[in-house]
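Below: one structure in structure tokens.
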Amino acid sequence: MPFINVKMIQGRTLEQKRELAEVLTREVVRILNVKPEVVELVIDEYPSENWASAGKLYSDK
Amino acid sequence: MPFINVKMIQGRTLEQKRELAEVLTREVVRILNVKPEVVELVIDEYPSENWASAGKLYSDK
Amino acid sequence: MPFINVKMIQGRTLEQKRELAEVLTREVVRILNVKPEVVELVIDEYPSENWASAGKLYSDK
Amino acid sequence: MPFINVKMIQGRTLEQKRELAEVLTREVVRILNVKPEVVELVIDEYPSENWASAGKLYSDK
Amino acid sequence: MPFINVKMIQGRTLEQKRELAEVLTREVVRILNVKPEVVELVIDEYPSENWASAGKLYSDK
Amino acid sequence: MPFINVKMIQGRTLEQKRELAEVLTREVVRILNVKPEVVELVIDEYPSENWASAGKLYSDK
């Protein structure tokens, strides 16, 4: 703990995932004053037909 | 906010996902008295070998 | 399965939760063509200081 | 990783939570062949008015 | 309810998933004193580039 | 979307939550190149008897 989860539409690069992991972990470590080893981060990626805002799928926008 | 998540076995059509997004958002907007723009809906789909009830995988039923 | 999760800021009434459960389950049953008995719905409520949009906590808005 | 989450109606004892943590972690370690130190387990507890099955809140059953 | 979720890096066999479902359900039934039919278990699998610990993706380790 | 969730043991201050919201949102906006308005962040807080690592509850450590 802590456990960070980022949900997003699929299509980001490996480099973006790597930077998310590095930067979000570093900031959580700093703000919550915990050791890096206890921080886990998991990314959920979704096809645009599985995410809607205001009732409309992203694949229909 | 609010944030709606539906987890289900994979295999539904795009039309079913579209109707889930439209209808569930519309009902949450009505019941909670919020604006449609603040409602997000995300669908998690699972292969039948990743979901069990009563200790038995759906792929084994 | 399916499993429905609604996350929202706390403060809704029991009657609103009851209607969410009834209506969202009924619509999921109809759209996905499943039996009501297999549908679970869980509500996560958050204090406004635990939810942010655009980087700002709801308790600060 | 792995990360185990158990969602349940509130009201269980500390002893039951302790046994959940010990036993589920031990079994995941054995089945997935991982080290205990990498396994996290988190319990979400819900009031019975926040969980429904078949469209009916547990608090109404 | 209860609802068990296991998140893990992808690559496990069907037999491991089957055993997770059987054993974790059996233990939750025993510890919480519930009927097997009310226990659901869902497995989320992640590519190693979507999971980080200590700020480093598993795919980079 | 994106949707950020941070799970942690309870006991952090409002100021820490505010900084988590501001900083994590800012970094996700920068890395994923999205607008701030589409980013939601939700914090789940747990009592130490509801979180275990290596099979041991934090409240027992």
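Chains here go by letter, A, B, C, D, E and F, matching the order in which they are written, and residues are numbered from 1 within each.
The definition used in the following text is that contacts are C-beta pairs under 8 Å (C-beta built on N, C-alpha and C of every residue); 3 or more make two chains touch, one makes a residue touch a chain.
Just so it is clear, the model here is predicted, and its values are computed rather than measured.
Here the chain-to-chain distance from subunit B to subunit E, counted in touching steps, is 1. Taken together, subunit B and subunit C share the touching chains E, F. Of the two chain pairs examined here, D-E and C-D, the one linked by more C-beta pairs in contact is D-E. Because subunit A and subunit F carry the same sequence, their contact can be compared by residue number, and over half of the numbers here are used by both. In terms of their C-alpha centroids, the spacing between subunit E and subunit F amounts to 22 Å. Averaged Cα coordinates give subunit C a centre that lies 24 Å from the centre of subunit E. Multi-chain contact residues of subunit B (touching two or more other chains): 1, 3, 7, 40, 42, 44, 51, 53.
Pairwise, the chains that touch each other are A-B, A-D, A-E, A-F, B-C, B-E, B-F, C-D, C-E, C-F, D-E, D-F.
Contact residues of subunit B toward subunit F in the complex are 1, 3, 40, 42. Residues of subunit E that touch subunit D in their complex: 1-9, 12, 16, 19-20, 23-24, 27-28, 31-32, 38, 51, 53, 58.
The touching residues of subunit B, when paired with subunit A in their complex, are 14, 17-18, 21-22, 25-26, 29, 36-37, 39-45. Contacts from subunit C toward subunit F in the complex involve residues 7, 44, 46, 49-57, 59-60.
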